[in-house]
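Which chain is which? They are A, B and C, in the order written, and residues in each are numbered from 1.
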Amino acid sequence: MIHTDIVIIGAGAVGTAIARELSKYKVDVVVVDKRDDVGGDASKSNSSIICTGYDCPPGSLETAICRSSRMLADQTVKELEIPFNVCGAIMPAINEEQMNILKDIYDDAYKNEIFDVDVVSGKQLLDMEPELNPETIGGLYIPREAVIDNFLFVVAQAENAAENGVQFLLRNEVKDIQVENGKVKAVITDKETIQTKYVINAAGLFCDAIAEMVGECDFVVKPRKGQFFILDKNTNCQINHIIYPIPTPTSRGKLLLKTIHGNILCGPTAEDLEDKEDHSVTAEELAGIETDCKKLVPNINFSDAITQFAGLRPNRIPAGFHIGFGKTEGYFGISGVRSTGISCSLGISRYVVKKLQEGGVKLERNFDFNPYRKAIPRFSEATDEERDALIQKDPKYARVICRCETVTEGEIVEALHRPVPPTTLDGIKRRLRAGMGRCQGGFCSPKVIDIIARELNVPPESVDKNVPGSYILTGISRQEGGDHHA
Amino acid sequence: MTRKNIICTVCPMGCNITVKADGSEIISIEGNECKRGEIYARDEFTCPTRTLTSSVLVTNAKEPLLPVRTEKPVPKAKFGECMEIIKATTVHAPIKIHQVIIHDLAGTGVNLIATCSRDV
Amino acid sequence: MREIKCDVAIIGAGPAGLAAALSAKEHGAKDVLVIDRDTDSGGILQQCIHAGFGLSYFHKEMTGPEYAAVFREKCDQEGIRFLFDTMVTEVRSAREIICSSTEQGLVKVYTGASILAMGCRERTRQNLRIPGTRPSGIFTAGTAQRLINRQNEMVGKSVVILGSGDIGMIMARRMSLEGAKVKAVVEIMPYLAGLTRNKVQCLDDFGIPLMLSHTVTRIMGHKRIEGVYIAEVDDQKQPIPSTEEYISCDTLLLSVGLIPENELTKGAGISTNAVTNGPEVDQRMQTVMPGLFACGNVVHVNDLADNVSIESELAGKYAAMYAAGTLPEAKAQLNVIAGEGVRYVCPHHVAVTDEEAVIRLYFRVSEPGRKTILKARSGKKEIAAREVRRVSPGEMDHIDIHTQDLTGDDVVICAEGVK
């Protein structure tokens, strides 16, 4: 039995940001998540953009939160050493009809007080982005749109929250929330019972099921699948800005950008589904990404694709941000954060803490809070002198395990001994990019499995790819104890 | 009369050879482009043999396994028996390449030998 | 940073690097240094514990580790230096290499000439864009081979293999011998991708069905793979939906092609050929950068290690000459062009020098054929021809040309009788 003040359900971008924000106060916080790692679902599989909020619905809570989140990001990425690139976005138009749509978007941006959005000429856009469709006649420039390492964004906040006292319980699936006399009493997972005064539902795609546990579910959450392509860093056709298509009334469309690590990303699709586990990619939808992205950048070369993936955005019906206490005392719900979870998480965390205080939760500042988190030193980004120094300190930094992304054993060992450590192959991949390059782990995964097993002192067969049950090895093929000894 | 189709693996030509036989007695061999094919087909028909390669557990070395092979081809039909013995075998480093690991593997009269050295 | 000097530096201690090292030594390079990221030599040969090596080079059948051991023993006799557990991070020029060594830290190698011998990597599920979920249990054949043959780890019990490349077929046999059930080998082309010998000994021997003109259309399973849908493909290699069928399995192995590993090559500013995916070389295996040579699968994917050894000896020889300042200067460069029926030819260029020599051009045909006439033309002049009884894209062919026959025009290689 664990006793705490606040349980946060869900270790995605939103849950983790709230955990870190709460670690600035003298309060006990436990984060539970059914997955093997922090990073959630939608938070780890998305386009990795931190938006300014230029196209959010004017006057909405989402707009206010998104705008403040973008401001908070500048400071947070410095404190936590998170890779972040304010590359700016463009939205090109190829005809007058599209230019008219842009005008509305521009007007909305001003209503949202994003005054740095500008209308630019086709020539200016082609100068900025030479691979753009040459028929471009003009468009919008949104200079503060940025890309982030969306996974490290979550990891870094989790690590910092843990350093400041937050407890993370992963591989714990919430089965029930105990309510007594209209008041939250405990969160029951498949492994633990956690007595608590407050529960914050940050379960994203599954927040409806959690809300149902306290009988407060007047909405449903449906998955909206987004499929993506990632291209090799070496692909010939390169871009440097986020390139947004002209949105349609139903979808923001498929964009292109260069990720923080230099790969071209194309997507997402928007497919409304029922199955919350369906992360499959399909030939038809991938072909659609190709067609649509080529309209924006005709020379983009999809034969350089190194991977495809799908994420599920939690599509709340009815839509809209819903953040606040429920009727059950101690229950605090967050829903409707559909596709701006990464973008809005920092703002949401501030908003949630304020709402908690307004709702009578006594939160006293913890002035011992350490806002800083050191990133793992990256061999691939180090200078020769820095590399030499790293190797002198630890020879494991000389042993390159992932050749595509130049990740060393030193970095992997370091990651495994951090607060909120990874335990799976994908956990290492997402933190360090080992296995994310063009060979997709063909070369490094056998070695990474061995390193995880060695460092965590478990048999290699028990190392999963990601979720429990995603085992990689089926056992050793030659065992001692055979009767033949030569 | 029985017919057996055999793809010759002696050279990259890959001749499709047909062996006609009455019981175990070969009546004709057709389809081979050279004499080596005929010999191959005859052997394949009467008693197909292969070099079996595998690995055994090795202790006291940097790597867990020692690659091994049969010194000469062994009857294909004996593979299962050979593998059971191989899987149950543990050796201790140091091992020298071509050192005999198992004498007379599974009664084939053929030795199993190391195909790699393993230092301590 | 530590500094090391040598006459010829070789990146990679696999079949290419070892043969190049010996040849460089034999041709006068005093100090030959081989750098490898593994803790021992042999490269991928160490996990190729099956037989089939050495048939053309040594005229006897050997396993991968044995083949490597012969070269290594000679290297040790010749006093060739090895730097193991060391990753080359940058080829700054033909004369300067940076590497990272667990024992010595960052090392700068000053050399008279360099040879790229990094080998190749495997194409992935993602390269093929196989639709479906992304569960565990999907391995490239070579990764599974490493796990089973070197790390003593089994990867599954019930297996489907996509691609009839040699490693895939060899793994079908290995998995069967280890007690797994290999349910099918699925090949999109209407013919085998690997060697016929391997089909006989790895598939037929174990009763494993080979399904030509078929492909995997969907991968199923959320955690571990649970099965695949396969379907027959039409002439355009598009799956025919009505033929789709489900095969349950806990493992999918991919043997769908190899790609030369050219990170370092590209980093050195050398572009790669669109067909071979490796740097373009002349008959001396010199890249476009003087003093930088390349050999083996880093240049083009070979069918046999034996061919790699032969080709790499050229790289070693000419690198030694370059380092000694005796490499004949090229007066002109001719292109070698893949003509009718030929997918690619290697070397890609002929350097015209005063040296009279026979040049062996390796190539792969574009389709299988029988009674095929292989021809080399220099301009309009036929300079070599021979008839072969059988050709296949899975097996390399070669034709020899003489430098004195060259007319000064490009050289074109054709395979008549191939579509």
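By definition in this document, a residue touches a chain if its C-beta (ideal position, glycine included) is under 8 Å from a C-beta of that chain, and two chains touch if they have at least 3 such contacts.
Quick caveat: nothing in here was measured; it's all calculated off a predicted structure.
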{"item": "Pair joined by the larger number of C-beta contacts - B-C, A-C", "value": "A-C"}
{"item": "Per-chain CA centroid nearest to the all-protein CA mean", "value": "C"}
{"item": "Chain centre separation (subunit A, subunit B; CA means) in Å", "value": "53"}
{"item": "Inter-chain centre distance, subunit B versus subunit C - centres from mean C-alpha coordinates, in Å", "value": "26"}
{"item": "Separation of subunit A from subunit C, taking each centre as the mean of its C-alpha atoms, in whole Å", "value": "38"}
{"item": "For subunit A, residues contacting two or more additional chains", "value": "477-478"}
{"item": "Of all residues in subunit C, the ones touching two or more other chains", "value": "151-152"}
{"item": "Interface hub residues of subunit B, defined as touching at least two other chains", "value": "55, 57, 64-65"}
{"item": "Subunit B residues within the subunit C interface of the complex", "value": "7, 9, 12-14, 33, 48, 50-51, 53-55, 57, 62-65, 67-69, 76, 79, 83, 97, 115-117"}
{"item": "Touching residues (chain side subunit A, partner subunit B) in the complex", "value": "477-486"}
{"item": "Footprint of subunit B on subunit C - complex, ascending", "value": "39, 46, 49-51, 61-66, 69, 149-152, 177, 195-197, 199-201, 204-205, 389-390, 392, 395"}
{"item": "Footprint of subunit C on subunit A - complex, ascending", "value": "234, 277-283, 286, 305-309, 379, 384, 387-388, 391-392, 395-400, 403-404, 406, 408, 438-443, 445-446, 449-450, 460-461, 464-478"}
{"item": "Interface residues, subunit B side, partner subunit A - complex", "value": "55-57, 59, 64-65, 85, 87-91, 101-102"}
